[in-house]
Amino acid sequence: MLEPIHVSLESLNLITLAPMLIAIAGGLIILILDLINGKLHKSLYVMMTILILFIDFGAVLGLNVNERGFFDVMLIDGISIISQLMIIGGSMIFIPLALTSKRFHEYSYPEFFALFLFMIAGFQFMVATDNLILIFVGIETASLALYTLIALHNRSNSYEAAVKYFTMGALAAAFFAMGSAVVYALTGSIELYKVAEVMATRLNETGLMIAIFGSSVLLLVAFSFKLSLFPFHTWAPDVYEGASAPLAGYMSVIPKIAAFVVSIRLFGMYIDLGVEWVRIVILVMAVLTMTLANIMALVQNDVKRMLAYSSISHAGFIMAALALDTTEGNTAIFLYYALFMFTNLGAFAMLWISRHKKRRFDKRYDHPYEKFAGLVQIMPMGAVVMGIFMLSLAGVPPFSVFWGKIYVMQAAVNAGYIWLAIVMALNSAIAAYYYLKLVVYMFLKDPVKDVDIVYYNISKPLMVIIGFATVATVAAIFYVQPLVSYLYYMISASGY
Amino acid sequence: MENLVYIALFAPFVSSLFAALFGMTERKIWIGVVASMLLATSLVASITLAYTVYTTGNAIHVTMMDWINAGDLNIPFGFVVDQVSVTMMTVVTLVSTVVHIYAIGYMDHDKSFNRFFSYLSAFVFSMMILVMSDNFAGLFIGWEGVGVCSWLLIGFWYHKPDVSKEENPSVSPSWAANEAFIMNRIADLGMLVGIFVIYWNTGSLQYDEVFAQLPYLSESVLTIAAITLFIGAMGKSAQFPLHTWLTDAMEGPTPVSALIHAATMVTAGVFLVIRANPLFAAVPDVSFFIASLGTFVAFYAASMALVERDLKRIIAYSTLSQLGYMFAAAGLGAYWIALFHLAAHAFFKALLFLGAGNVMHAMHDELDIFKMGDLRKKMKGTWIYMTLASVALAGLPPLAGFWSKDAIIETAFNEHTYFLWIMLVITAGMTAFYSFRQIFLTFHGEDRHTALGFHPHEMYTFVLVAMSPLAVLATITGWFMKEYEAFITKLLPQYEMSEHTHHLASYLGLIVIFFALSGIAIAYLKYARTGDKAWKRDEKIESSFLYKLLKNQYFVPKFYEEFITKPYMMASEVFWTKVDLKIVDATVDNIAKFFYTSGDKTRSMQTGNLSNYLNWMAVGGVMLLVIAAISAMIG
Amino acid sequence: MIGLSHYLIVSAIIFSIGLVGVLRRRNLLMLFFATEVMLNAVNIAFAAISHYYNDLTGQMFAFFIIAIAASEVAVGLGILIVLFKKHGSLDLDDLASMRG
Amino acid sequence: MYEIVAFYLFSALTIGLFLVTVMSKNILYAMTSLAAAMVLISGFFFMLGADFLGVVQLIVYVGAIMALYSFAMMFFDATRDIKEKNTSNALVFLLGGLSALVLVLMFAAPIMSDNLNTANMLINGMSYSEFIDGNISKYAQYALDNGIQASVEGIGNAQSVGVILFTKYLVPFEVAAVMLLVAMIAGIILAGKKMDNSLTKDASIDDEILVVKDEK
Amino acid sequence: MDNILSILVFFPAVAGLLGFVVDKESARAYGITVAAIEFLLSLWLWFSFDMGNAGMQFVELIPLIPDMGISYYLGVDGISLFILIMTTLMTLIGMASMGETKNIKNMIVTLLFLEMTMVGVFVALDAIIFYLFWELSLVPMLYIIGAWGGPLRIYASIKFFLYTFTGSLIMLVGMLFVAYIYHNLTGVWSFAITDWYALVLPVDYQLWLFAAFFVGFAIKVPMFPFHTWIPYAHGQAPTIGSVILAAVLLKMGTYGFVRFSLPMFPDASVMAITPIAVLAIIMVIYTAMIAYAQKDMKQVIAYSSVSHMGIIMLGLFAMNAEGLSGSVFQMLSHGIVSGALFMLVGMIYERRHTKLLSEFGGLAAVMPKFAVIFGVMLMASVGLPLTIGFVGEFLVLLGFYHVSPVITVLAGTSIILGAIYMLRVMKLVFFGPLDNEENKKLKDLNARETWSLIPLVAIVIWLGVYPKPVLQPIDNSVKSLLVFMEGKARTDEAKDMIKTAKTSTSIQEAK
């Protein structure tokens, strides 16, 4: 018979669980509130969510670096803290976008907000562990919630998007599971730090390379899907198009941050072990991703779809930084996303405020370029702000993305990958074309006749959010320094 | 003294600015008067300076201010008044003053009267800089300055439309102006290169410093410097093959032709060779080439003048021819003789041009001498002046032309370059012939103009009076040759005729006079008689090859037109439409298009069908797996 | 004697069968079946590895995979229901309104 | 001996049944064969000594999931033959074959090794404590003593699973609970009546206000 | 006022922001006033500039992103000082001469932002700050071309933007690599150009980096074969756009060569002399010929810009003080002259709404003032002595003669070919009979136009006659640059080729 097991509470280090528990508890509170009174306005839930996220944020800030908790399942290292902060911060910017002047289907559900919080908890679990099981469960919690959030937009395109995302996600999950199985088979463990140690001893065994490569490939497929790398990116444009604009913007940043953290843990491990092959594969995929996504974005007719391709391309950019596997490269990932987040969310929010319920300009698209023709004459401030977002995305200094870009490129140069930096530079040049196309439409063309452009969906909270994003985009030069030093400190502290 | 230098230099400048102030207002005669007075001031100052230099024998050197200082290069605005420059100054201001006064009369009906004076004075200013500068860069300023003024003045009647003329590519004054400018620019490039060579080998552009360094320079450097500088001189002095602009420049108003294209600017090339005589003296081969070219041009231009019908163009050819003489002298080392001929030529040629201007004025701008004849009765003064100038040109004693030209021919003999000597003698005969052909066709023979409806009248008297100094000088200059020699050889190298030549001098002179007289005689027999023996156009001669060749200027302008201008235009067009747009630009656009079309192609992988997406994903995954397997097996 | 490799090879084959199913199925419901097949294949692998290592972690993983499969089914079917209500079809060839 | 027979039998059957699942045109056959194959898979689990897992497989998969699928099948009215246009079968089977080949190659590699066992022990023994220096948890102590072993003398599989699930894997377990909650909410609201009318598309609910551009 | 440079950079930007508030009717007056103040500030800079000091002056250094080595680092030397003054001057005059423009307020605000970026480029001493302003300058220009341009304006503006953007991104990679090397050697991150100067790089590194910077700068210059954006940009841009583009934006490229390529990569620069000289003479001759074939007045001047930029490029690589000073001076000269020519073309375009040469003829009769000013600028453009155009061109050719006589002669054909195409324009537009009815009604320049051009005419003549006040400081800085380059060069060829002036100041000062 088994002896009873005594586990002291301190040894569990429960504080490491606090942030996620807050998010989950918040989700439950919202569900309960709904049970008690079903007629509460969405603004209440929005504010509740923000408050919960605020507490969550504080809880994350209170964590100590490099702690493990709960039988070593939880891992609170630098990247898990900064990624959680970014996830929560990004979510806090995202959620007020629900406060549009018009009603949209998803926001009529209090469950939307609960699911949203559960999703964040899922992301947080995903980044705060190096146990493949918890990573898997975290991914799935977040993904399932996300599929639902997409479908809740409730129109034909969003179901289609959800189905596509879901199906491909299921396939990716299978690949992840299989990859984990191979890793487990190889090392007898599913905790990455142990995996790394065992694998290091087994690298020289004959005939084992195929399994090591194979395991990396299976996991890479799963994460390439999450990160929308070529050729696993195919879902992204359709899902972004089908999802509501803010959610699309959200999806292009936050889930990717979480996936990147896991990728750093996983593939960083492989590269650290000296499996150079993984680095090469990742680099090739990254280059293909940024290039092909860019040239596909060139030919888009819809701004949202263009932004979807552009965010794929940006993901390729960052994936290349990951392949460098230097502290700078990893810092670049977070810096880039931190800076990209504001701009990208801002750009999608701009689409959101111009969203009509019916497609007034094009049979298929909500945001064709024509819609923005001559915007500067109709709504000068809006045009300027959107223009700044576009220029920022194109990497024009001094707007935020530029700093991320040069950091990534500098990291590439420092790691000796000058060709990569040049490829990045050329890709930025190609990318400039499609961002510019929108600028050209807004500033240089006349409005399409007989169609009134309306800022249909605008409301004060949205303006605040966009204003905030604009300030963050324009004034990036002033906060890049603290950001970089914080990120660099955190990442080097966690040994990446 | 410095003040005098500045007065001489800047009086024309002031005149130019003053006239320019009224450039856009209507014609005011007094502007011409003021301009002429300022020019006269300059003349007086120049003469005073000349006197000073003559008496003291010292050059006056002033440095006004720095111009360009960069690296080790240091170019000041410095001016030197020595024997050579003072000669030029005096000649230039004298002829200019006369031309200014003349122009008051000549241009009195032109509504751009004020503008004309502005340009004319500006020209004089540039010319003064050219001759007075103490360094090559300053010379170049003047060099280009006169070029621009010449451009402005040739194209003075810019409003004239383009009319294509047979035999003659010049279509309008503005065309001729551009041609002159561009041709000069070609030569200027040579001159610039010469300046560069000098700078990089001597470290300076000041004449004195450069010349002091010459002995230390290698043969090749000297040769290159001499050749390139001479290329510059060729352009300004319209030497073959850059000569075509000069005759076309006759599109400009006649005072301009007199001043610029006869007396002053075109002699700048000769001036340069004289100025840089230490350099040219150091490279005998180049000098001999200069002499040969000069002789050739003398003959070549004279031959074209034989058949020319246009009054002014005949004189222009004669200018070319006389410039050839000057270069021959300079090339043979007789610099002071060249300078002397330059001065003498300036006087009689200006006189000749001004006379031609009178005829033009009288004939309402008709220049075809075939349409004139027997004008002497109506234009007595002009007739006298022009005959006098022609005699001087033909080189008959005791007029100026004889002394200077004879000296040049003698030099050719003295240098044992007998071929050049023969050519020059023959040219002297031709000169006499065409000069008098022109005089006879214009002023003698049958009256052909009345039938054509011309009613010529004499020029204003004050104009005729104003021309008188030129007439006097054209007559007497030669008499002071010895004194001038003494004056000028303080600066320029003495040129001594050998004993042998000295011995034969009078015979040589007689040969020249003989040729000149026979030329006049032939001209008289052919053109001056009236009645039955009066001159008639002869179809046979006019259709002969030689006549056509001469008439078409040896087809040189045609050659330029066909083989330089047109190919250049075509090449430009091809470069633009074919190379730049179709290749260079299209490449850039095609790169962009390539991305765009490949975007369109890649886009087709995004079919929208989930099954395809899953296929892509599986293909990607399985391919990666296969690659992993293969690479694991290999490595 | 049946070794680990035997189990793993069976697992690999089943995984591939699942993959084939995912690729060739056009009916979404049937496609979901195929994903279940793939996850089951992984479960076999985990159980076998767990057994041969005498380590429970693999079983734990398999356990969570079952839980995940269950949740996926719930969400997937939910989405299929709204989709079916809208389109009246589960054929994914009909689902191509977004492309390019 | 019977283990070998059972293994090959189960293998052949599961593979066959799964093939039916992915190849059959009839959704009912596909589902039935899927359920049957899953039952057989639980047989694998029992063979491998993972009794608890086998039971869960039976209950969750065969019980819950298949029940869900059959309800869904009824809802979709999908009992008839499904017409599928399989355009690129060759590619599909090529991919399937290739992936099978590579995976088999991978698993045929000598994954188990003596090396590993010692390494594994070493890990179990050592490195737990390394990360959190000086703060060795009780569990680590426990694991240090016993290892996380599937079969220990006198302790059943369910017991071991219970111990490990509620110590080491408690967090994933709870997260899985949240995940199921998410799935439940998702299922409920997606399938709910409220989804029938779309606020997103319905402009009539709050009329689109057209701000007419000022005619200048 | 130690922070005069910051004021110079940000004053127009702040004014631009405030300009949004200004009423439409008064926008132009506002813009001109701001530009005038800016110009006076830049003049103040000149007056308080220490002419004897060849190094950087008015230096401001604020660490901005120390972790990346980026700092806000400004300073001027003799080379940048005058380009800066020219920038403020041309902005002022361009604004003053601007004719009737739709959306005048947007134009003014855009111009003010553009001015900020241009000034920023010339005073930045930190590579990233330089790059920042460099890229940012594209945006207002894009807007100016695209919003106020001709029928092909969008194509032209995008081409302009993308072309330059692509090149400068390659340059950015080069910058990052230099920073990386700097970090490797010193352990410190720095993008400060003055820090970079201290780097002595191996020759092969120099070559690669030179190439990277070359792409960025060459497109901006624009060098053959990267020049094809410029005919479109000029052809479509409104007058003010062309003026600024030709006067200032092109100079950024050549300025970049002086600021980065030459001092940082002396050996590579020496090795690049021949290829660059070949490209430069192609620019000079080929584009001059193309200019001759143009049917549109503005295109002639656009191509002539390229041709003149060829001369500037040649001078930059003369590797002696004469050529380099001449080149910098030629930048100013070209800025003023081509700016003025574009303004003149704009004025005629405003009257006739066509720029086709065939539409004109005999304008000298109806527009004498216009013709005179055009003539002056034309003469400056073809490099007539005593105009600003001569000094630079003369010095460049003089300087380059020391490097290669043959190439100099070929490049020297620019004085011929330049005369050919410019005189053709003069003849077709101003000379000949006035036979087009529409031309007969043309009015001469009005007071505003005249007075905005007269300062330029005055400068053209002043600096042609007495260039010393400008040339001297330039020359000082250039000399110390050459001394520095010679000291830094590693290969013997480079040491031989770089010819320091005898009158150079010591190396100490250069640093």
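Each chain gets a letter, A, B, C, D and E, in the order it is written, and its residues are counted from 1.
Basically, a contact is a pair of C-beta atoms (placed from the backbone, for glycine too) under 8 Å apart; a residue touches a chain by one contact, two chains touch by 3 or more.
The shown structure was predicted, so the numbers you read here are calculated from the model rather than taken from an experiment.
S.K.: So if I look at the partners of subunit B and the partners of subunit C, which chains show up in both lists?
M.R.: Joint contacts, listed by label: A, D.
S.K.: Between A-B and A-D, flag the pair that has more C-beta pairs in contact.
M.R.: Answer by contact count: A-D.
S.K.: What chain lies closest to the overall centre, CA atoms only?
M.R.: Answer by centroid distance: E.
S.K.: Among the chains, which has its CA centre at the largest distance from subunit B's?
M.R.: D
S.K.: Centroid of subunit A to centroid of subunit C, CA atoms only: how many Å?
M.R.: Result: the chain centres lie 25 Å from each other.
S.K.: In whole angstrom, what separates the CA-based centres of subunit B and subunit D?
M.R.: Result: the chain centres lie 99 Å from each other.
S.K.: Roughly how far is subunit D from subunit E, going centre to centre by Cα mean, in whole Å?
M.R.: For subunit D versus subunit E, the centre distance works out to 67 Å.
S.K.: Can you compute the centre-to-centre distance for subunit B and subunit E, using the mean CA position of each chain? Integer Å is fine.
M.R.: 36
S.K.: Residues of subunit C that contact two or more other chains, please.
M.R.: Residues 4, 8, 11, 15, 18-19, 22-23, 25-26, 32, 45, 53, 55, 57, 60, 64, 67-68, 71-72, 75, 78-80, 82, 92-93, 95, 97-100 of subunit C each touch two or more of the other chains.
S.K.: Give the residues of subunit A that touch two or more other chains, as numbers and ranges in rising order.
M.R.: 133, 137, 140, 144, 147-148, 151, 154, 163-164, 167, 171, 178, 185, 188-189, 210, 214, 237-238, 299, 433
S.K.: Residues of subunit B that contact two or more other chains, please.
M.R.: Residue numbers touching two or more other chains: 592, 603, 606, 608, 610, 614-615, 618-619, 621-622, 625, 628-629.
S.K.: Quick one: which chain pairs are touching?
M.R.: Those chain pairs which touch are A-B, A-C, A-D, A-E, B-C, B-D, B-E, C-D.
S.K.: Once bound in the complex, which stretches of subunit D touch subunit A?
M.R.: Against subunit A, subunit D makes touches at 102-103, 105-107, 109-111, 113, 115-116, 119-120, 123, 127-128, 131-132, 135, 137-140, 142, 154-155, 159, 163, 167-172, 175-176, 178-179, 181-183, 185-186, 189-190, 194-195, 198-203, 205-206, 208-213.
S.K.: Which stretch or stretches of subunit A touch subunit E in the complex?
M.R.: Those residues of subunit A that touch subunit E are 376, 391, 394-398, 402-403, 406-407, 409-410, 413-414, 418, 421-422, 424-426, 428-429, 432-433, 436-437, 439-440, 443-445, 477, 480-481, 484-485, 488.
S.K.: For a test of understanding, state which residues of subunit C touch subunit D in their complex under the given definition.
M.R.: Contact set of subunit C toward subunit D: 1-2, 4-21, 23-27, 29-30, 32-34, 36-37, 40, 43-45, 47-48, 50-57, 59-60, 62-64, 66-75, 77-82, 84-85, 90-91, 93.
S.K.: Considering only the defined contacts, which subunit B positions touch subunit C in the complex?
M.R.: 603, 606-611, 614-615, 618, 622
S.K.: Considering only the defined contacts, which subunit E positions touch subunit A in the complex?
M.R.: 64-68, 106, 128, 131-132, 135-136, 138-139, 142-143, 146-147, 153-154, 157-158, 161-162, 165-166, 169-170, 172-173, 176-177, 179-180, 183
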